[in-house]
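Two complexes are shown next, each including chain A; its partner changes from chain B in the first to chain C in the second.
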Partner chain A sequence: MKTKLIQRKNINQIAGGLCFLLFLLIASCSDGDSPAPTPEPETNLAELRAAIAENIAENYIKLSFASLKTKNDLFIVAAENFTGSPSVENLNKLRAAHKDLWLSWQPAAIYQMGPTTTNALRAAINTYPTDADLIESNVSAGTWTIGAISNRAAEGLPAVDYLINNTTGSDEDIIASYIDDSARGDYLIGLVSYLDTKISVSTDQWQNGEFINAFTATSANGTDVGSALGMLINAIDLHVQRFLRDGKVAIPSGVRSAGIARPKATESYYGGFDRELLIAALEAYEGLFDGGGQSSILTYLRALDEGDLATNVAQQIDDAISLSNGLNDSFAQQIEDDNQQMINVFMELQELVTLIKSDVSSVIGITITNQDVDGD
Partner chain B sequence: MSSVASYLKNQKDIAPLVTLRVLFGFMMAFSVVRFAAHGWIYDMYVEPDYYFTYLGFSWVRPLGEIGMYVLYGVMFLASVGVMLGYRYRLSSALFFLSFTYVELIDKTNYLNHYYFVSLIAFLLCIVPAHGALSMDVRTGRIEKLRTVPAWMVDIFKLQVGILYFFAGIAKLNPYWIIEAMPLRMWLPTKSHFPLIGPLLEMPETAYLFSWGGAAYDLFIAFFLLYRPTRFWAYLTVGFFHLMTAALFQIGMFPYIMIFLTTIFFSDPVHHRFHDYLRRLIPIGESSGAVAYRLTSRLMYPILVLFFTIQLLMPFRYLMYEAPLFWAEQGYRFSWRVMLMEKAGAATFRVEDSEGRIEYVSNYDHLTAQQEKMMATQPDMILQYAHHLAAHYTAQGWIEPRVYCDSRVSLNGRRSQPLVDTNVNLAAEPRGWREKKWIMKFDKSK
Partner chain C sequence: MIAINKLQLLFFLSLFGWMSCSDDEDPVADSDVTFAGVEDSYTAPRGETISVSYTVSADDGLQSIVVSADGTDTPVAVTAGTEMYSGTIDFAIPGASLLDQSYTIDIVATDVDGDAATISTAVITGPVLATVPTTYEFTRDGASTVSYNGQNERLDQVAEIKSYLQTGDAGAALSAQVLQDAYANVGGDGNGFFSFSSTKQLEDKSFQPDLDDNFMSDLFAGVEAASTSGAIAANGVAGLIVRENSGNTVLVDAHGREYTQLIEKGLMGTVMYNQIYNTYFTDARIGADVENTEFREGANYTDMEHHWDEAFGYWNPPLDFTSDWPAERANEDRFWSHYSNTVDPHLRTNDAIMQAFIAGRAAIVNNDHPTKEAQRDIIAEQLEIVTAGVAVHYINSSLEALNEAKIGEAFHVMSEVWTFVNAIKYNPNRRLSIESIEEIKESDLGADGNFWNVTTDGLNKAKNTLVEAYPELADAKDQL
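== the complex of A and B ==
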């Protein structure tokens, strides 16, 4: 009796199992009726993602920081020469070295992640508008704490810009101000040394540290938060919005302040080479997206059969560059002459943000958020 | 009618209910710890300056930093209480209330599985799931129960069944079935996985997963109900959910489903599990056991309402003309799980009668996660526009007008404007009316 029951139970189970398998079979067979699937992509996407991470790490990130370090070393020498013997010649050499360093920061600034974030490198290098009053009060007091958050607006390249390019007087007046008060030169050297520390530490970590290894590791080969592409596109999204669009263009042009322009909030208010800085940043993006003939974000879009989008992105950066080329060297001057031109550039950059946030991130499968949250 | 009456008199073994209580309490306690460990309490309920409230629930506010941590502390203790069956009536009610309160704070964080947790938590409040294997029985607070009214077990099967079946219906749409979207976009992003990686780049795989997933959702509850297929169905549940857990970041959901579908198991399986637990932790319950008799019929109409609303909610989108995936009118609370890939960017321009114009930096007002969710969901765009109007009024602007330029990419299509840029959103009312300012969706793009 008992065995019979067990047998019946088994038969039921087997029948049930067969039933279920049949269902699975039907479910999977119906796949065959699906409307003409598109041909398999020719490129292996996982390999392509790995190649992109490799190319960007080696030929973009590491090279950008190597160049930043080189320019920084030249800048230190120029600053020491100038404070050692203030002269028009040394001042101009320092100005050139300062501008070179600032230009070389533009491509490196894109990577708002890893060592740049942990060392707060961007804030140390490029906080603007600089606080001229705070700089002057530091110098006249003769004491200061470089690296303190409260002093941040009186540091970095924009502060140096004030110290060597402030055009209220002639070059001779600037030189005299260094000869008359050694605290001024000390402050300048203080800024330069602090920058050197920050740049050296960050560069070293970018070149040799764990972050870049993690960036190119197989485990970072997806597109989720923490993957190379995920981190890169989130970094780009952040940088394009806050530092390219808003910092360089939107905020000075007044679109963030009820239409009231803020010419003093331009990046190099004293040196007046804002356009060159902006173009350098945009060209850095042009190069990064393109990949220099190697695997890149645009290559990936094309592999996904999104060639039009790749073209649009490249074109959008191009348009922004052309439009920016028409601006005055000094954005403060441009704002005074014709602020609408600035607003037009803002609009172009806004289009770029939109493309990255909606189309590019969606097609690649990147979540634009630094929060690692659950979905469903 | 008599069959309904006799069904309501039916008694069933309490065992499945007890298993559900223990597993659910355990999962929730774990989930709370995981949530806190990720720092999400801060990220989601402390850091934001603004919260996207639900219509009618704007009184549900975050409780401040300490308040939120205390609330999560209560939630944790309540879930442990549920698991142990300790002061179960209080614990289950506290868990339901604290969990649901948190979920109602900000629709940014809406997930179908949170909704599901709230529903299960509610149902657990009204059944004596502490009738065995519990502290309450051990301490003599209540009598040990052998059986409960059958419906008390069946409502959980119905709840799980509703989730699956509606998730299946939701998948019967052209994107999912004909284009294999969004899986066709999502699966290749995992192609670096060992072994199965290369398969994930093949469109055929996306079709297999889409069709298989739809079939799974539509039929799994029935196969779980039917005794002869139950074993195989449960294996499939495990396989399916573990697969989704590996492929997508969906948190605890797969494990919640793997645990809660045990409600379908036959009583002896549950008893074996309980015996195992008793050996693990000597509980020392009294041996007597009685049948649970319901003293009030109040629950009947409440449950009828509870399930009727759930059956209607997924169809409320039919009241709107605009396409569901594009306009998302009637999208939430309908078991539309992982159904579309949507990303967007929304730029807001504020003007006033004095000629002031400003373009808003969204990051001044919203977290990255809030901005991302807002940019693709019209009701959130409208709420944010109203928030901006209030913000600028407070800044001294005169009757500010708010315009939104939003571009949204849906299921791999190129981005298109979601909102009419000429409409002053500050003047558009919130509510369940059709949002006429949503742009037409061009599917061909």
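== the complex of A and C ==
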């Protein structure tokens, strides 16, 4: 980690030394077909930005949401089967469908803009830590208002995680709790239905709505805050900081709470597949930046004669994935066993945040508008 | 507008006759009396004196010359039989003259044979300020004529009231009586509340229906109760709620509405915005009948100039405010001008409003009522676009906060939406109906006027309502 920090600094300064030689080696390997070191004319860059928006809209955003919708439909069936007929087999099918849906959210979650924001989709799907007490008090009261903001922490996939993966008893105990009290199944179905509404509306808008059409319009091929690239980089900046770095790693590991870890604030505290969720998110970034052989953010950096930065970003995501692969499936367990490994991953993610927030945005000329201050 | 009167009719007729006479090839051109040296027209600002020099020649000798200036005949002493006479007419353009107002001067000369000729010219009221300044700075004899200390003092009072409310957000107990004394400025310093003395108060400048409904006093009572209850806010319970981004708390009412925002922005509406529209932009303050010639006693400005400045004072920008206002001078705009700057990157309202205020003030100096009224209408429209634009901006922020599942942040920005939408009602020519304003406040921001019931559908509906009423916002509705 320390070596790496130095390396990046040296690259930026084009200084000599071993690290620089190492960089040259990497750059020459991965940048074999890079363009001549003269920046592209602006008209070509505008066309390239339009091509990036088109590729990302068609092959990343729309496909991510199509997959989310498909997994959601399977999840509904599994939930109805389970509540209609609680059994270990149906419980496990529901668990699998729930996990599939949660994994499919990771690539879609990157796009913190447009229909996702206007429908508050992220909060509906993935507000955690979930409030187990509120879930239980809803179920025992037999009355609730799903969709009310005061109930937000008792909804979404983390709430379902609690309802189907709570490990205080055996699977048979879980099944018995649904048989004994139909309110529990009703609540589960209520959560699933609300998710379905939110996902369906958002997906429709993402597939063919005002926002995505404007995103790919020629008029959005600039670099101002309202341009496709401007919105995308801001959405990524928000997601990488708040949901990838902070939500998945920094908050549970205690980086945001004076070093006091919060294992119950992990994403899938009950199901314990936090590592898969994190890696799904990082791999989604890897694919998005690369562009699958088509125009992408990294292609654009190279067109700006910033091949070093493109290499750094790709390498940074790779490094974060490598290090995350060594973590326990359950981050609560990892925190208990060796929280330093969580903090190490946090530091890799922090590097990624810096690259995107400072280097990528300034090289492309994007103003980052996300702010954490109160303002007035 | 130029009034066509008999004199002008005469002027045109005379001019026509004179032109015919002066034409050598005209078969009837055989007058014995001719004029020289008179221009077609003269232009000078109101209050100034124009000198019209002329020469009359009469082959047979002059008998008499009569000057008729703006209908007043004055004979000129001329020795009978003189063949050539040169004279000067001094004409003082009245101080109350309107821009472009025209005065006719006729010179009628008669020769000893009784042949007469007339020449007419026009004295036109020109602008005192030939060019509109680029900043809101107006002077007479080197001294500024701009004054709005009363507005500055009221804005300072609002700022100090806000600071007090923020101590309540941080957990201190607040007093309704302290707030009421500040609002009414009891004893010239809010009963010891303000850090400065002033004869001005906020309460007597508030929108009368708001006073009838106890708009502010109910909020004062509510914030005292919330600040002393020690309660944590919940649906139906007023108290403290955490703003997730900073970790700071704010006081909200039982419906989740933040008191500091409701009171501060409420004062921006019920006092500042209300005063601009319902006091200073009325004909009673800046209409054509308002004094605009004589100076106010002890001052170097007219009533009309001062009233316009007071409207400007409630907008309160730096005097050289422009679009693309530099970030390093961000602390120089206040309240409404600050919010203009918030939406300026998308709506260019800084320039639109600032230039209209400057052009309108210059028009008043020039006694140009049509231009002044046109600028007033621009400001009235643009201020409302700022208000609606800021409301959309905060709806977008509300959606972002809800997407991040941050209730305290959402309630903070929703409180801003509530107050800015509410302010639209103070414009008598508002584009958004009272029904739509109420619908946004009492339903779209949460059923039963309760923020705890908010949905993204409600917020998106409110946004659509605003964008439909203000198509100017359409292109930037998602970027605001």
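Throughout what follows, the second predicted complex is superposed on the first by the 326 of 376 C-alpha atoms of A that agree within 3 Å, B and C clash if a C-alpha of one lies under 4 Å from a C-alpha of the other, contacts with A are read in each partner's own complex, and residues count from 1 in each chain.
Basically, a residue touches a chain if its C-beta (ideal position, glycine included) is under 8 Å from a C-beta of that chain, and two chains touch if they have at least 3 such contacts.
All values reported here derive from a predicted model rather than from experimental measurement.
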item	value
Contacts of A:A141 with chain B and chain C, given as first, second, both or neither	neither
Touched partner set for A:S358, first chain B, second chain C, both or neither	first
Touched chain A residues, chain B compared with chain C	B
Touching partner for A:T116 - first (chain B), second (chain C), both, neither	second
Touched partner set for A:I368, first chain B, second chain C, both or neither	first
Touched partner set for A:A153, first chain B, second chain C, both or neither	second
First, second, both or neither for A:G226, with chain B first and chain C second	second
Touched partner set for A:R242, first chain B, second chain C, both or neither	both
Touching both chain B and chain C, residues of chain A	225, 242, 372-374
Chain A-touching residues of chain C, taken from the complex the two chains share	234-235, 243, 245-246, 248, 396, 399-400, 402-405, 407, 410, 412, 452-456, 460, 476, 478-479
Contact footprint of chain B on chain A as seen in their complex	12-13, 15-17, 19-21, 23-24, 27-28, 30-31, 34-35, 37-38, 40-41, 44-46, 49-50, 218, 221-225, 241-242, 246, 250, 255-259, 308-309, 346, 350, 353-355, 357-359, 361-365, 367-376
Chain A residues touching chain C - in the complex, by the definition given at the top	112, 114, 116-123, 127, 147-150, 152-153, 211, 225-226, 242, 372-374
Chain B residues touching chain A - in the complex, by the definition given at the top	38, 40, 43-44, 109, 111-113, 178, 180, 185-186, 188-192, 197-198, 201-204, 207-208, 211-212, 215-216, 219, 223, 226-233, 236, 248-253, 337-338, 341-345, 347, 355-359, 361, 363, 367-369, 371-372, 375, 397, 407-409, 412, 414-415
